[in-house]
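Paired with chain B in one complex and with chain C in the other, chain A is shared by the two complexes that follow.
Moving on, here comes the complex of A and B:
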């Protein structure tokens, strides 16, 4: 076959490039959709922040891919007092920061104290529990004392917010830490950040203290990692297909079938999903104040059809508020979950007094059932419209007000709607329940105005439980209570999916806070 | 000549002040709360309030405006409300990629547009003329995102000749040059149509004038008549058009930069507005305004170079 002139030009240019450029060995380009506001561990709650921070630094404990097993990381071991108020961590003595400085227990205590310091204004300070003190009595011991037990403390300490950083670098950089520089103990070291463009990191050559669940505990095989932001979804897919990127967890649902069919791309999908998309009800509003109405809306929506038609079968239809694979999920809940049954939905609406009028709409006391849902634009708008179409079949005319995310967050803190949309990552049932169902968290993130003293008591009991059985029992009761009251309309659980080049060896995806590559130690070129 | 330039420069000052005021007010009235963006969706109300206070957003608008003017007076554009990065460094990093993209798009599209327009005028009414005009209408009508996606589909994906994500380096490096190709090709394609059409009509006008007939009567070759006597005099409205089109290019750059992940001012502006990063948004608005003022100034100077009558 004779090459076309265009191909000849292409070969010529490629040859010129090959001559002009040095061979880039073991360099990896990860394609993603968005940037973080910065990379200061306790101050950013962005998923895109966690992705970078996990690679640049370590937490005192790690979390295995099963999202249940806590692994030693910077702490080689730990003891918990009988009253579960004191955690004594034995810190490794062979760990160093990227600048070569040895890491000590003092760095650990300082980093954790900074997280809880009100001056830091960490939006996730509550995850640390009711801290009494965090001290480092010697170079390898950290004592974490609580005023009340915090049953999920180790899981929370495994999140990126609790990453250990170098005090001296922080004091030099101040608020520019995680903006112009970073000094952590992770498998990779900060090289540069160009906001909205890329983050570049290089291998931490001395690293060998990775989590035990990794076959390779360090150093990483990859020498340099570039996290390239590609905002356009279709471009991300073709960039992977054409080898301009090696790996991407940000492929649009429509693109996965193409990637699976491509000979140069593999796709991994985690077995469990730890990211749930739902629509919440503002239960203090008249239109959705009646539990029967909320249950009817749950029954009228066909999540399975949405998963197939809107999301190309790539997601798991959701009927529960957390994935069944999550720690402390109660399997007895499965029997009572509300699944698609439009006839039952219509019957429930009739029972609640919302009868069909001559226009085919539900009406009660002269008021028409037209709840307002606020939504993001884009994918969420499509989801809301699918819900709208299903609800119309039972006589409910959902009004949708799509808006940009910056406007959305402010609006969702008000009482000016009946329904809202949200997607969120979690590490366990307790993590999700404590965040969204505590009355103290009204108006955000408890946007439902769910104010139930018994729930509050159970959540306190769960979070202060001193053993796993008590914790699971308390959270199971909350799960049943909120599901019985149908305060959410779950839509789908999103599993972690990653497309990657066949130049890389197969690996397992992580689910922690949406950071599917976690420490990056499993990324290995086969060629 | 110098006094005319100085006069234009002085006139630019109130324009710039007006833009600064407008930019400040605009970001104030646009809905959105940077504190909510920083705090994230799971933050409680007290955390959001604390972050808002730290950002100074709890201050009255007039106090914020006064502080803004004070900063501007000493050339301090402030720091990003979201990342804390210096706005000057953010703008500095984004300015050159955008300039590179605009120059890269104009460097091929303007000569091509002028050549096409001139050719169409010379062979007026022929099939070539009609084909060129049809092509220029298509160039004006096709949205830039469509042209960009087609460029990616064929030159990036199907034939895999050019990369289409990011900017690995400046244009003079091999990687940078290759990466610039598709964005510049896409962005430039929107300029060809207007330039070709304007050149064609302008050349047609000039070719009817007496001095062209005189040139022909002197026995000059047709090429020389068209290029030296026709085209040169026909370029004045074309230069004006290009000046005006720079604004259009900046608008197109916002889309092009997004599709090709080009780290320029367009993406910076969109990102700042999307995240309610007031200080960066104000900085980009100011840079865009300065860009327009500068281009208009250059157009005025070129005018006087092309047409000595303007200098008088």
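Moving on, here comes the complex of A and C:
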């Protein structure tokens, strides 16, 4: 991508001033909401894990802010065979780990093999495709062989799970890798982690192999980064306003207008964040087994009012399951999306046999329409309560069982609910569809029990397609199919928003896996 | 106090110290005037009036509420009517979902009071019974009291967490947890009071005329200890409401869209900086209820506890 003039100016200014500045001014504090359980790349799927791992280590390829352009990173170039089964990566020979040891193709192959090793128990192993072998024939070559084509391979390899780490450090630390220490090739190096408090990282001085989407390819312009956890949303807003922190991607929606009005804070927003919050239906349950009922629920909920009132206009109301900006989204879907229409919802419910009883509730064969929704507490509880209030207006009495996230993940893998809540990041339509709609992914993440052989075939066809047209066509069919069946109730697409101090030069937000700062090479103080 | 059975001597009443002051006269205390004395205490009067108003508000919530407490609207986070941007339609404002805070307060007080009464009733009944039995029978005394010591070491919040994990979210596990955690305190106080009663000569006299244990327990012990125990329980009420609200604040209590005061305060927490009224109003109501319950409990003790009577 081409750097914006602002970015360039900011960098120039920072570079000029860097020499004159005392060390203390080069320390950056990033405020965030939660910690990860650990920082071992292939084993953590937490957004809070990815944002640290991207800074501490590198992936074989990088991804630009537009979420579409693949950038060379540890691999300077690559070749794909005609049958799309063999990827040959040319690995840079000038890269070193934080401890000074040179990185070779051997390290790359070892890290990727560790990701796919069943022993590692990576929950996201499927992202690698059907791997035949990953080998390093010489110090600068990695050969990635597949049993079947995997059209999204490069996008998946850009995710934090495929980060390259040092084998020796891993063998010394064992299970403590990413807990007591870390050794990667990223722009920053691990200094310390105090769980549920902060992660501290220092600049990797020899770093100069950053992806080309950054004006500054390295080393990083700040010397020390502290990721400070502040669990209370309002406190995060105040901490940014009062200068206790310099950046925060975790400002509550209600806080953004205050921040925009504050003279010492800037807010950047990126619409191509590809993070969608939705409620899913357990379609094998009686109450929501009828597609008409699910469509009615979709029609009865006013996403636009929610986006404005609950989220202060900071989010985009969602009617599709993936953002329209995502790779392989099919625009013909737009005409058939279910938008707010409570009268039509009521008509559909009548048609499905769910008629209003004397209490104003929907009833069929003596059974009252009161589906159970499980929900996280906090912001998600507000969302489900808004859905509950909307559904009440058409006579559906939604029951909500809010629970702590520690309990929720286990509960959502059971069959004990009609609806569940979830927000998820994705890099493309195919990424989203493969994650949720494969029958092999029942009971989780396919919590809907969506079991359709044709979908499975199309998803395989999409992911094994060797050209973009075939891939888009296969995914478009799946998109239509699941939307027609109203398997979800989409709520909103969440943009990436980052509040930052005016002491920092303006920068562009990234969107990969919700990690808005990506490698942190762009961050620099102007004063 | 009247005695219905003819073959049992009338149950005696204590006045003065219950700590074995055997020289006292067994005359009925001036009970007729306790209410008047209570109302003469201005703080107590105010507290009772407030409690009465809250209870009436809770009972008549469906009549008094101006809006459906579960129904949302597009006017979210409207401040109370007297503030700028406030409007008369929602005179205490609306919450983050655009629900009327005044209506939710009425229904919320209902649930909060219900939790308080049920938990205190449960804990008070079983606690007093165990305490009285303990004082009455020396053989079971150590067993009961050591069990109470174990229970006492179990924090109410932890117990509630465990119960919610097993039973699912709702007010029943909260009531049970709060009830259980009130039992040891009530038992210890009841035992203390009952030991004093057991030292009285009329117990001895009762035994001498051949009363059965049941009659002795029921007529002589319970009837003489009950008023002091009730005072303790009334003091416990405020505390229980507070812990109940805390549990709801932590998200363990009522399920949405039901409103509970602690839960309302919790839901306002995220907006504290921007719309403080959502959290402040229910918190103030909790404060007023607990303060009133405590002041009223103290005043009740002043007028009813024989030990404090001149």
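Keep in mind that, in the parts below, the second predicted complex is superposed on the first by the 503 of 527 C-alpha atoms of A that agree within 3 Å, B and C clash if a C-alpha of one lies under 4 Å from a C-alpha of the other, contacts with A are read in each partner's own complex, and residues count from 1 in each chain.
By definition in this document, a contact is a pair of C-beta atoms (placed from the backbone, for glycine too) under 8 Å apart; a residue touches a chain by one contact, two chains touch by 3 or more.
As the structure is a computational prediction, the values presented were derived from the model and not from experiment.
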Fit or clash - chain C, chain B, common chain A: fit
Touching partner for A:234 - first (chain B), second (chain C), both, neither: both
First (chain B), second (chain C), both or neither touched by A:309: second
First, second, both or neither for A:355, with chain B first and chain C second: neither
Touching partner for A:38 - first (chain B), second (chain C), both, neither: first
Touched partner set for A:388, first chain B, second chain C, both or neither: second
Most chain A residues touched (candidates chain B, chain C): B
Touching partner for A:252 - first (chain B), second (chain C), both, neither: second
Partner chain in contact with A:404 - chain B first, chain C second, else both or neither: both
Lowest inter-chain C-alpha distance for chain C and chain B in the superposed arrangement, angstrom: 5
Common interface residues of chain A - those touching chain B in one complex and chain C in the other: 232, 234, 238, 404, 407
Complex contact set, residues of chain B against chain A: 31-34, 36-45, 47-48, 50-51, 54, 80, 82-85, 90, 93, 149, 152-153, 156-157, 159-161, 163-167, 173-175, 178, 258-261, 263, 267-268, 271, 274-276
Chain A residues within the chain C interface of the complex: 232-234, 237-238, 252, 254-255, 258, 305, 309-310, 377-379, 381-382, 384-386, 388-390, 392, 399-404, 407
Residues of chain A that touch chain B when the two form their complex: 6-7, 9-10, 13-14, 16-17, 20-21, 31, 35, 37-38, 43-46, 118, 121-126, 175-176, 179-180, 194-198, 228-232, 234-235, 238-239, 241-242, 244-245, 404-407, 409-410, 412-413, 422, 424, 435, 440-441, 443-445
Partner chain A, residues of chain C touching it in the complex: 70-72, 74, 76, 96-99, 165, 168-169, 251, 255-257, 267, 269-275
